[in-house]
Amino acid sequence: MKNKWLMFLMGLGMAVVVGFLSHFMFYTTGEDQTLQMHTWLGLTVAAILTLFIYTFLYKDNPLYKFAEHLLVGTSAGYYLVVYYHNSVKPNMIDQIVAGFQQIGQMRAEGTFNFVDGILTNAGIWAIVPGIIGFLILFRLSRKLGWLARYSFGFYIGTAMGMYIPVGFQASIVEQIRGTIVHSAAAEPTPVFNLVYFGEFFSHPTWGGFVQAISGPLIIVGIFCTLIYFFFSKEHTGVFGAFGKVGIWFLMVGFGASFGATVMARISLLIGRMDFLINDWFKGLILPLFGGG
Amino acid sequence: MYKILNAFLKINRRWIFLLVLLGVLIPLVLGKGLTRSYPGAEVVKVYDFLNNLEEGDIIILSMDYDPATIPELNPMARALLRQCFNKGIRVVSLTLHPAGPGVVITLVDELLREYSQPGVNPDGSVRPVREYGEDIVFLGYKVGTAVNILALGEDVRLSWPQDYAGVELPAYGSDPTQTTLPLMCDVQNYNDVKCVVTISGTRIPEYWVAYGYQRYHVKVATGCTAVMFADFYPYLQTGQMIGLIPGMKGAADYEELINRPARAMVGMLPQSIVHLMIVGFIILGNIAYFIVRRWEKRGGGDR
Amino acid sequence: MRREVPVLICAIMGVAMIIQFFIPHPVSQAIYKTVIKWFIIIVTFAMVLGLLSLTRMHLTKLRRGDKDWFFSLVTISSLFVNLLVGFFSFRITDSFIFEGLKVPFNFFTISFATGLAAGSPFMNLFDYIQVPMQATMFSLLAFFIASASFRTFRARTVEATLLLVAALIVMVGRVPVGHMISTSIPALSDWILVNPNMAAKRGIMIGVGLGGISMALKIILGIERSWLGGGGE
Amino acid sequence: MGLRAESRSWGIGIFLVLTLFFIPALASAKEPAPPESGEAKVEAPTPEGETVSPLGYPLNFTAVDNPNDDGMKIKLTWELSPGDQPELGKKENPVKGYRVSRLGPEEAEWQLVTVQPPGIAYFLDEGTEEFPLENDVLYDYKIEVVGEGEILSPPIVQKGIVSSQQFFNTDRINILVCVIAYLCILLFYIFRARKGHELFVRRIAGLDAVDEAIGRATEMGRPILFITGLHDVADISTIAAITILGKVARKTAEYETPLLVPNYDPMVMLVAQETVKQAYLEGGHPDAYSDDMVFFLTTSQFGFVAAVDGIMVREKPATNFYMGYYYAESLILAETGADTGAIQIAGTDSVTQLPFFITSCDYTIIGEELYAASAYLSKEPLQLGSLKAQDFAKVIIGVLMLTGIAATLFGWMWVVDLFIAR
């Protein structure tokens, strides 16, 4: 590459610019609570990047590409840093250091023994996740890459073991109970409640009818949906018809979810527009020209 | 006519984008909002529960959301915190979302500034002074959802030996005058709090139910994005959650309940406009679709 | 060694964690808590490899002089800066007056702050670059949900019609306008969300629970080995 | 050999472990409680016998070892004293609280444990740092009603309470039954399938379309995009997605179609690399594989979406697979994909995102079908056996639900209480 050096310089330049911005330009409000130049710049950068992303709605373009790559770059390392500061350092490194200090102290005092010094020493145990984690790094080696599988085995096995009882608890046992009774009230009431039918037949009203059939409808819906998920029987005849009803329930459910979600999505757009119009344009740009 | 309808059915989606943009932009530029909301039962349950607490009671407010869901969830958290501050309910706030701390700090800071001087709320009620450490504490983020919820059942200090700013939490039951975080002298585990309110756009409330409620029987109320609303309904029905605040509508309802219309109320006007716009699109699209299909069936076409 | 041992570790940990669930004994509880702490540490190591993968991909593009090479440069340098300020965080905060001009920083007083403290460069990058862009990406959904509903909500079949009608009712019922038209619209919308919707959800939940538990058991029993790279020997 | 014999030995081994572990656990759970423990009747002094105190007496004071825990907890319950009238409010109520004290075996003085406010008739003694509660030690408990100015009612004493740790949580016996029963069903059907029983599997449209979608990409000479979802590898839907990825990669290896697998989670990336590499090996083109096919982007939800959107509009994949667990980004991905004209196949157990995939993708694999996919695509008897087990479990769940519903009609609520999950 001819322009290798150019690239390197540009990279360095970009790094300096981003680093410089992170240090000075975004430094927050001063002691007197007035808006500082730094915050002004920070919000303006945010607003410009916001506009860059919206250009994607028209079509892919360099502005979007820039924003996209900047986002990927700044966010990719984010969790590494967060996990390091919040977990690896306090739960591993600090503990190991403390553990060895403890051993050193015990040896100096002559009270060192295997049980207290090693077996029940939290610092020594903290090495284990380090080893398991380190095995993953063997993936970089062509020959010893399989060592990483030990870590996967540990991770996946543990997760699966944790999932099984909790899965039964939340997805099966509690759901069966929820199908039998409404337990939100202090005293659980049956889903299939004959009392509602009694009320409806003695005083027939539209509301009473809906209340009476709601419970049985839930039960029918759950059964039909379960039948739809039957894999080992062909969906024909009566069985198929129930499965079909199951699909209908699924579709009504999906439609309802879709409809209920529209609001959430527009809220987000409102939030961004609010930022652009009120926080940025009216709050920061107009005052420059004597407006606002 | 056929051509027009067919073109309408295959309209470039950029035109729809433009209409949605205008539908949101115009009301916001004009700064108009709805004047009232009609609270749903599941929101009222949360409000009533908190409203029936006594002054000095403690709740855990777990703000498990990231900046992406701020527009929907912040008005909710703001309204809840205002209710707690006005009533004197003390709040232990924390976050189980890795991107949460920034969001929570900004919000708590904003409210503490609002409540830094005695004054009057817009609805005429007295606005008391609330202080960090006394009435609210932010513990920060710790990695691991389930493990932290479980740890809270034993002792909050297992996961959070310090608050967000790095101040050591005082021992449970120790002298409150000796620390800058007197609130934490009264908190050890779920036995000391009346309920957990989790606000999240993720599955984290399910963890609160599975580990907090299931293992320690602490009451859980949830504020969620509108999309998670339908997902959490089963929990509401099985009694695993005491109430639900769904999305911006829920936030507007809550603002109505605490008598303090704010950002959620303003947002509900563009909401209504775009909702009706989408409904209109769907209906027109279907009418056009049926007409076109009928013509095509008749063998007609270009005319 | 290469396949059997990982499967064995997987099985032992799986069975141990199932048994752990039923034992309230302190040792069992301590194991559970410790293992969960370890998870994050393990993931952090994996993350290093993830970042190497990302870096290598963009370095290749750079070396090849891909037509988008400039953007790869953007990614790499912002990643580099982010890690730098995250791990070796310091701030230069003191302002001083120089010839009557207020200079907002002083290179000679560098104070070290932890990477995650509010106002640190790392958090600034997060607050002013990541946050607004993530929120904006998320808000694109407002446009997409409108275009998707126009493009796909056509009453072609019974199923599609049910989907469409339910969506319309809930959409109108969730805004105050629905309440103004008729109070029964929000009521109907809530009823759909609570009843048929919940029946469907519960059906899916039970199915997903069973399927997930089967899968988990098969993994623990060593029948399902796709995580090792296929079921082969 | 290999898989079959091995899985059998595994099954037996795990059974042995389970039984060996649980027999002592159950035995310890059934161990009779120490004779003096809590249940012993206490002669409550009757108000008639003495000068009637306006405070009354807490009735039926009991102290028992708190069940299903790791010990060091004693549960105290009593009934509110007749003098306690919480409705009067703090000032009017003659009772100001209940003072609970504890006496250890080698202690000379009663130690104050707590003063519970009026209206509360429950306390869980977990000991304090100063006066810790130890396991397997006999304690005496004393309760007195506190009135205005430290006036106390005569004490009621409970003697000889022992706290112990349990080895089995009896509250969770229903879950244990589920786990064991389901394991039996699963093993039964797997063994039966191995013996060669023919197993029928119903059609799953989304999975039938996989071949067609890969074929189309091959014809067009465009890549295939496969996303494994936004959960980590500890989530089962992610593993299901990786299983499907394995099958897809096998095909792309044969047809030499380019494959792009951007990842959200680094751990998933590593496992997916392993799987794809193996698939290319089995597909006979190990040299065609490179780690660049399965790459990491970012663990930021929308950063990931932004980048994947970029890949879609620039590389224009002919087929997009979205498998695994998704959040809100589902529709951004699916709509951008639809705009580029790709065939899209989605499969998720994320109930909230299914509606969006259903509307904007060509095929959608719903919930449990995702987990059935590995069995459906491989057609291995071991895998198909587990499908049969799932169906059988569904029948049992149905029967349990019907039984429960019938029980509520007769008012037998204890049947419902069997399904309390703790």
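Note that the chains take the letters A, B, C and D in the order they are written out, and that residue 1 is the start of every chain.
Heads up, the rule we're going with is that a residue touches a chain if its C-beta (ideal position, glycine included) is under 8 Å from a C-beta of that chain, and two chains touch if they have at least 3 such contacts.
Fair warning: this is a prediction, and the values are worked out from it, not measured in the lab.
K.L.:
Keeping to the contact definition above, tell me which chains border both chain B and chain D.
P.N.:
A, C
K.L.:
Report the chain whose CA-based centre is farthest from the CA-based centre of chain B.
P.N.:
So the farthest one, by centre of C-alpha atoms, is D.
K.L.:
So which has more C-beta pairs touching, A-C or B-C?
P.N.:
A-C
K.L.:
Taking each chain's centre as the mean position of its Cα atoms, how many Å separate chain B from chain C?
P.N.:
From the centre of chain B to the centre of chain C is 19 Å.
K.L.:
Taking each chain's centre as the mean position of its Cα atoms, how many Å separate chain A from chain C?
P.N.:
Here chain A and chain C have centroids separated by 4 Å.
K.L.:
Please work out the Cα centroid separation of chain A and chain D, and write it as a whole number of Å.
P.N.:
18
K.L.:
Would you please write down the residue numbers of chain A that are in contact with two or more other chains?
P.N.:
Each of 53, 56-57, 65, 67-68, 71-72, 75-76, 78-79, 82-83, 86-87, 136, 139, 149, 152, 155-156, 158-160, 163-166, 168-170, 172, 174-175, 177-179, 188, 219, 222, 226, 229, 250, 253-258, 260-264, 266, 268-269, 271-272 in chain A touches at least two other chains.
K.L.:
Taking each residue of chain D in turn, which ones touch at least two of the other chains?
P.N.:
If we look for residues of chain D contacting two or more partner chains, we find 172, 175, 179, 182, 233-234, 236, 239, 267, 270-271, 274, 296-303, 306, 314, 328, 351-352, 354-356, 358-359, 366-368, 372, 390, 394, 397, 421.
K.L.:
Hey, what residues on chain C touch two or more of the other chains?
P.N.:
Residues 11, 15, 18, 21-22, 37, 39-40, 42-43, 46-51, 54, 68, 116, 126-127, 130-135, 137-138, 140-145, 147, 149, 151, 153, 163-164, 167-168, 171, 174-175, 193-194, 197-198, 201-202, 204-208, 210, 212-213, 216-217, 219-220, 227-228 of chain C each touch two or more of the other chains.
K.L.:
Hey, which residues of chain B end up touching chain A in the complex?
P.N.:
14, 17, 20, 24-25, 28-29, 68-72, 98, 141-144, 206, 209-210, 214, 225-227, 229-231, 234, 236-240, 246-249, 263, 267, 270-271, 274-275, 278
K.L.:
Show me the residue ranges of chain B that touch chain D in the complex, using the header's touch definition.
P.N.:
So the residues of chain B in touch with chain D come to 13, 66, 68, 173, 191, 201-202, 214-215, 225, 227-228, 230-231.
K.L.:
Please name which positions on chain D make contact with chain B in the complex.
P.N.:
124, 128, 301-302, 327-328, 339, 351-352, 421-422
K.L.:
Contact residues on chain D for chain A in the complex?
P.N.:
Residues in contact with chain A: 172, 174-175, 178-179, 182, 199-202, 233-236, 239, 267, 270-271, 273-274, 296-300, 302-303, 306-307, 309-310, 313-314, 328, 351-352, 354-356, 358-359, 366-369, 372, 387-388, 390-391, 394, 397-398, 400-401, 404-405, 407-409, 413, 416, 419-421.
K.L.:
Which residues of chain A touch chain B in their complex?
P.N.:
By the definition above, chain A touches chain B via 57-58, 79, 82-83, 86-87, 166, 169-170, 174-175, 177-178, 182-185, 188, 253, 256-257, 260-264, 266-274, 277-278.
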